[in-house]
Structure formats: C-alpha cells, structure tokens
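Input: a single structure, listed below in structure tokens.
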Amino acid sequence: MIKFSNVEKKYPNGLLALNDINLTIEKGEYVAVIGLSGAGKSTFIRCINRMHDITDGTLIVNDVEVAGLKGKEVRQFRRNIGMIFQSFNLVTRTTVLKNVLVSFVPDLPFWRKIFGLFTKEQKMQALSALDQVGILDKAYTRVDQLSGGQQQRVALARTLAQNPDIILADEPVASLDPVTAGQVMDDFKKINQEMNITVIMNIHHVDLALAYADRIIGIRKGEVVFDGKSSMVNQSVLDHIYGRAQSIEVRKEGAKMNHV
Amino acid sequence: MNAIEKQLLSEKKNYQYITWIFVIVFVLFIWSLSAIQLNNMGTSGLTIAKNIITGILHPDLDLLFNITEKGVAYLLIETMAIAFLGTIIGAILAIPLAFLSASNVVPKPLAFVTKILLIGIRTIPAIIYGLMFIRVTGPGPFAGVLTMSLISIGMLSKLYADVIEDLDTSVLESMTSIGCTMFEKIRYGIIPQLLAMFLSIVIYRFDMNLRDASVLGLVGAGGIGAPLIFAMRSYRWEEVGSILIGLVLLILIVEFISNKIRNKLVRGY
Amino acid sequence: MFDKIFVPKKIILPNGKVVLEKRSYTPLILLILLIATIFSVHITGFSMEVIVKRIKEFFVILDQMIPPNWEYTPKLWQPLMDTIKMSLLGSALGAIVALPVAILASSNIIKSSIVVSIVKLLLSILRTLPTLVSALIATFIFGLGTMAGTVAIFLFTIAYVAKLLYEQIENANMDAYEAMESIGLTRIQAFRYAIFPQVLPNYLSTSLFCFEGNVRYASILGYVGAGGIGLLLSEGIGWRNYANVGIILLMLAITVFIIENLSEHFRKKLV
C-alpha cells in the first residue's frame, strides 16, 4: 500500500513540483498518471522509491515511512520496487541475460560480486523472467542487436527478476511504435493481473492509459486534479486535466495512434 | 540586395577562397620540389634496385623456414613478443591515466594537466624512446618492450579517455532504482561498457605496435629490424627478401584477425 | 567448433523449457593471454629487477634534455624544412597517384577481377611495409638524402589513400554512373562526373590526414639517412648531446602541432 499525506516536493531552485498530494494506492492496482509535460508526473513517481526526497508531508510505502530511511535502508527499500524508464537504460554491449542478472547484484556475497559469478538459481530466475516477457530465445544475444520493444522487455524482465511488490514505469512506451507499445502494455497488464504487482505508470497516450489502467490520476501543475476509475474519465475530465485546447489534441493523437 | 544577388556574391567569395587555397598549395608544392635530388643516384642505384627486386623474388627460403634463433620465424616471434608484452603493459598502465584525463571523471584542471602530459609522451617518436631505453637495459628486445609500453600508454590513454568521456550513464539511474551501491554500479554498469571498447582499442594498438616493433631493431631494440638492416648493409638481398616477405605476411595476417575480432567486439558480430 | 569442444550447459526451467547456456570464452582467453605473456617475458628477457634498478637512467636522459640547447636552433631550420618538404611532396604526389590506382582497385569500375585483386594485394603489401624500412631501401637506390625519404612517404601515401579511396568508390551510389554509361560516356568520363564528386571531399580529407601522419614519420626517417631532422636526432643521441635532442624534439612537437591543427581546420571544412 502506498499512502501520500499532504506530500509536497519543492526542488532546490524553489520550483514547487508537487503540492499537497493526498491519495492511497492499494496493492495490485494498475494506476496511470497523466498530465501535461512538466506537470510533475515523473516527480510523483520518483518520490515513491526515493529517487527524489519529498520536502513536506508523509509518504508511506508498505508500512515504511520513506523520508525516514537512511543509506543502506534506502537501497534495501528499493529492492522491492521495480522501475522502468523511457530509454530502457540497459548496458547495450553485453548480453540480455547479464542485464537481467544485474537485479541480483546487491544480494551477492562480495567475492561473487567481483567476478560476476551468479548462482544457478539466479540464472534460472532470470531466464524465467525473460520467459514471462516472451524473449527467452534472446537470452544470449547482445542487447544492441534487439529492437526497442525487445529492449523494453529486457528492462521489464530485469525488474521482474527483482520480484517487486510495485513497478514504477516512467513513460515506458514513449519511444516505441504504436503496435509494439500495445504489446509492451499487454505485458504490464499480464504482470499486474497474474502476479498481483502494483503498477504505477506515467503515460502520454490517454487512450492507452484508459484501455489498460484501472485507475487514472490526473496531475496539473503539481496538483492532483482527478483521481478515479478509468471508466469515469470523459471529455470534461480530460479538459480539466489538460486544459481545454490541448485535450482535444491529445484525443486526436490517441485516435491516430490506434488506427496505425 | 535581393536573395539571388546575395547568393551570387557568396558563391564568388567561395571561388576566391578556393583559388587562394590552390595557389598556396601550388606554391608550397613548388617549394618542396627541391627535396628531389637525383644527383646522388648514380648508375649503381639502378643496379641495386634490380638486385633488390631479384632478391625479393628469389628469397632465401632456408632462412625463411629456419627455426633456429637466426631464422625469420624466430625473429618474427620475438617481434610479436615485444609488441605483445608492450601492448599488455601499456594497456594496464593506461587505465589510471585515462581516468585521470577524462573530464567527466576528475576535475577539469587535473584532466587538462594529464592530457598535456600524454600529448608530451605521444610526440616523441618510438625510435627515440628505443634509443633512450637502450641506455637503461642495454641493446636487445627488453628495450623494445619498454619502448612499446610507453608508446602504448600514450596512445591508449587518449583512446580510452574518449570512450570514458562518452559513457552511457543512463544505466546507472536504473541501477540506483534497483538499490545498487556505487561499487556495484561501477562493476556492472560501467565496466561492461568499457571492457568491450577497451579491448577493441587494445587489439588495434597491438596491430600498430607490431609495425613499430619491426623497425625498433634498426636502433638495436630487438626484433626483426636489426637483421634486416644488417642484411641490407651487406647487400645480401635474398636474405632481405625473405625477411620482408615474412614481415609483410605476418602483419597482414595479424591485421586480418584483429579486424575480425574488433568487429565482433564493437558491433557484436 | 568451440561449441563442440565445450558443450553448452543445459538449463531446464521450472516450466520445462530448455535453454542452452553458452560456455564463457573468458577463462580460455585469459589462459591464452597468460601463457602468451609468460612466453613473451621469457623471449624478451623482461626483468622487473632491471627496471627498478636502472629506470633512473631514463630520467637522467630526460633531465639532460631540459633545458634544451637554444643556441642549436639556427642549425635546425634547414633540416626541419627538409622534413616538411619531404612529407609535403611525398603526400601530394602520393595522393595524386593514388587516384588512378584506387580506380584500378575498385571492383565496381574495373570489370577484370584479376586486375582488381592484384592491385589490392600490392596496396596491402605496400601499406604493411613500415615507412622506415622503405626509406632504408630507398637510400640504397637514391642515395642518402631527402629523395629517399620523399620516395618512402610517396609510396606509403599511395597505399594509404588508395585503400580508403577504393573503399569509398566501391560504396558510392552507382545510379548516376550507370545512367551516364548508358548514354554513351566512356567509363572514365562517367567516373569523372558521377562518382568523383561523391568521393572528392573524403579523398581530400584523407589525403590531408595522411599528410599529418607523414610529418611525424618524416621526422625520424633521417635516422636511416633519408634526410630531414631525423639525422640530427640520431647524431644528438649518438653523441649523448641530450640538450640538442631536447631542442629538436621541442621544435618537432611545435611543427607537428601547427600542421595538425591547420590540417584539422581544413578537414573539418571539407566534411
């Protein structure tokens, strides 16, 4: 469970990126965060695993007060939260499997860590994770020979191998073509439903958000302006989140994407 | 002045520029023509040229396939050993220097100073180092190894540093989110990226070092260069022929293999 | 082949799927490197002890180079100019000759594969031959002096520029060439108008780059009697007059620096 109470995030330069956020996300929910560029979506997501520090209020994740964690505790805390990025963030010059195995690195004893010797069990888990996202046959291929969609799946497998309770995804399909984007979204949906992992995803395509997520959080200028079931989202809600003029554009964009 | 006129004028200026360049290059060319002196070349030159060609076409096969210490095969192995050891030593010592000269790792002033030092090392030609190291170790392949090491340090540090300076750091962000420590990020996020590139650079350098090592013998620093110059000075052209054939073959083979491996490392196939 | 000697390990996943884990090459490569290193240490007589004991000799020499002997400077101009002349002339002539040679080595222009392979082979051999060795041979034919150095640089430039040039030509877009051939132009004419413009900037830039490198090579050619400043270098070291060596190296460094920057400036304009 993730609980925001009066959370505020002010960047050192004085910019107020999140203002008085109050909401609760239960285990197993699939949440899409939408809003204009610069609204504070990335900031919102990054506060959850403490990639950013909040400046006021309390944020509780799985019964842990996030702001109170120190040094080693932060790293331990992050082990249970997976994160997916728009740019995949993989080591491109090594194999797929080695990239997935990275998620076991913090658990290794020192000598194994130095030589990069993973246990058979860990290799099995990594391979199973690759199997779950459907690229088992690419395990020994170098990442730079994969397509964008496949690379995002490697990132997803790396996160799954972590065996997380929560997956945070910051625009995971923004650099993929519409068809591949749909496939990756399917993977997320499968993971959410079959493994009961909470998924919180920033996404620019409203139609994808509405099609896949159960719950939509709309952020505008650092404030939550909408929070409810995806079925409740209609044009006036979008107008509210995006401001009148843009929302029509956003819908049109989405419609175009769906027809490709 | 309308756009078309402007365009016309700018073209004229470009022509002027090119004309000037041509004039300058031409003048320099004429000036450098005085490097041609044929007065030293008597009829003996032609005879020698003929002898060299016959020598190369009729190499001393005994020497070429001889496997004693005087044979071409042994000398080539010695040359390879000089180049190899020099490359290995240089490849290792260049790593710290490369990090010290990478402006995204250390403070700019320190990086600048290290870069200047490396430029200094690179300016001095290999055979000068060879001559200096002979004073340290006495003549022989050992001096060659030290020379090759120093040359490699100068060249490799620069190429390494270029790789370090355009490292992809986005993977570090995801490793932070996994809960990795600084050490883990370096070991699994940075080293795998560097390793493939560094290896490819080192193999390329070995290729170059082999060429350099083959001339170090001219100054007495071991390898095939010394027998080559002796054979020439005593006009034993069949011997020269077999040495040259051995050398050229070796370098071509090594170049072929090194290109193959480097392609695999950098592109993955 | 590797897979046959080191059979891949089978991993069976819980759901029954089988993955073949390739054996890592790393241990084998490390072993080979280790053996090669030990072997090389043995052959070359490498000794850490000697380094530790006597490396100071190296720095003694370095120390004697500083301060350099400034009085020696006036005597340097002539040989320094000779070095530049050698590299300039050798590079210019070499680059010009490289053009027809490169055409002869391009499989898309010359239809006879025998000619193409022979020219390519000759170019590889020429490129492989170290400049110092060809300079040495040239001194026997042309006598001691700048002529020998010029010839050595000339030959290397042909080999280097022609190789990069024929790769360019072979990768050039052939559409225009074929169109021109079809309307009755000769192959040379078609090359001149269809392919030459495509490769020209790169050709000039490669030649300039080769010239840069040649200045460095030319500086040591004097060591084998092929003219230029290298002669003074070998004299200075032979007589252990290190202050002279210091000033020569300094002048050389400055010259190389200036020429590299000039050439880089023009190369950037080209591409």
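A, B and C label the chains in the order they appear, each numbered from 1.
Methods note: contacts are C-beta pairs under 8 Å (C-beta built on N, C-alpha and C of every residue); 3 or more make two chains touch, one makes a residue touch a chain.
Chain labels with UniProt names: A = Phosphonate ABC transporter ATP-binding protein; B, C = Phosphonate ABC transporter, permease protein PhnE.
These numbers were taken from a predicted model, which means no experiment stands behind them.
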Pairwise touch network: line, ring, star, complete, or other: complete
Higher-contact pair (C-beta pairs counted), B-C versus A-B: B-C
Subunit A-subunit C separation of Cα centroids, rounded to whole Å: 51
Centroid distance [mean C-alpha coordinates] between subunit C and subunit B, Å: 7
Subunit A-subunit B separation of Cα centroids, rounded to whole Å: 48
Touch list for subunit A against partner subunit C, complex: 120, 123-124, 127-128, 131, 136, 139-140
Subunit B-touching residues of subunit C, taken from the complex the two chains share: 33, 36-37, 39-41, 43-47, 50-51, 54-55, 57-58, 61-62, 82, 84-86, 88-89, 92, 124-125, 128-130, 132-133, 136-137, 140-147, 149-150, 216, 219-220, 223-224, 227, 233-234, 237, 245, 249, 252-253, 256, 266
For the subunit C and subunit A complex, residues of the former touching the latter: 11, 13-15, 17, 19, 21-22
Subunit B residues touching subunit A - in the complex, by the definition given at the top: 168, 170-171, 173-181, 183-184, 187-189, 192-193, 195-197, 267-269
Subunit B-facing residues of subunit A, complex: 49, 51, 74-79, 81-83, 85, 87, 89-94, 98, 102-103, 105-106, 113-114, 116, 142, 144-145, 155, 158, 162, 168
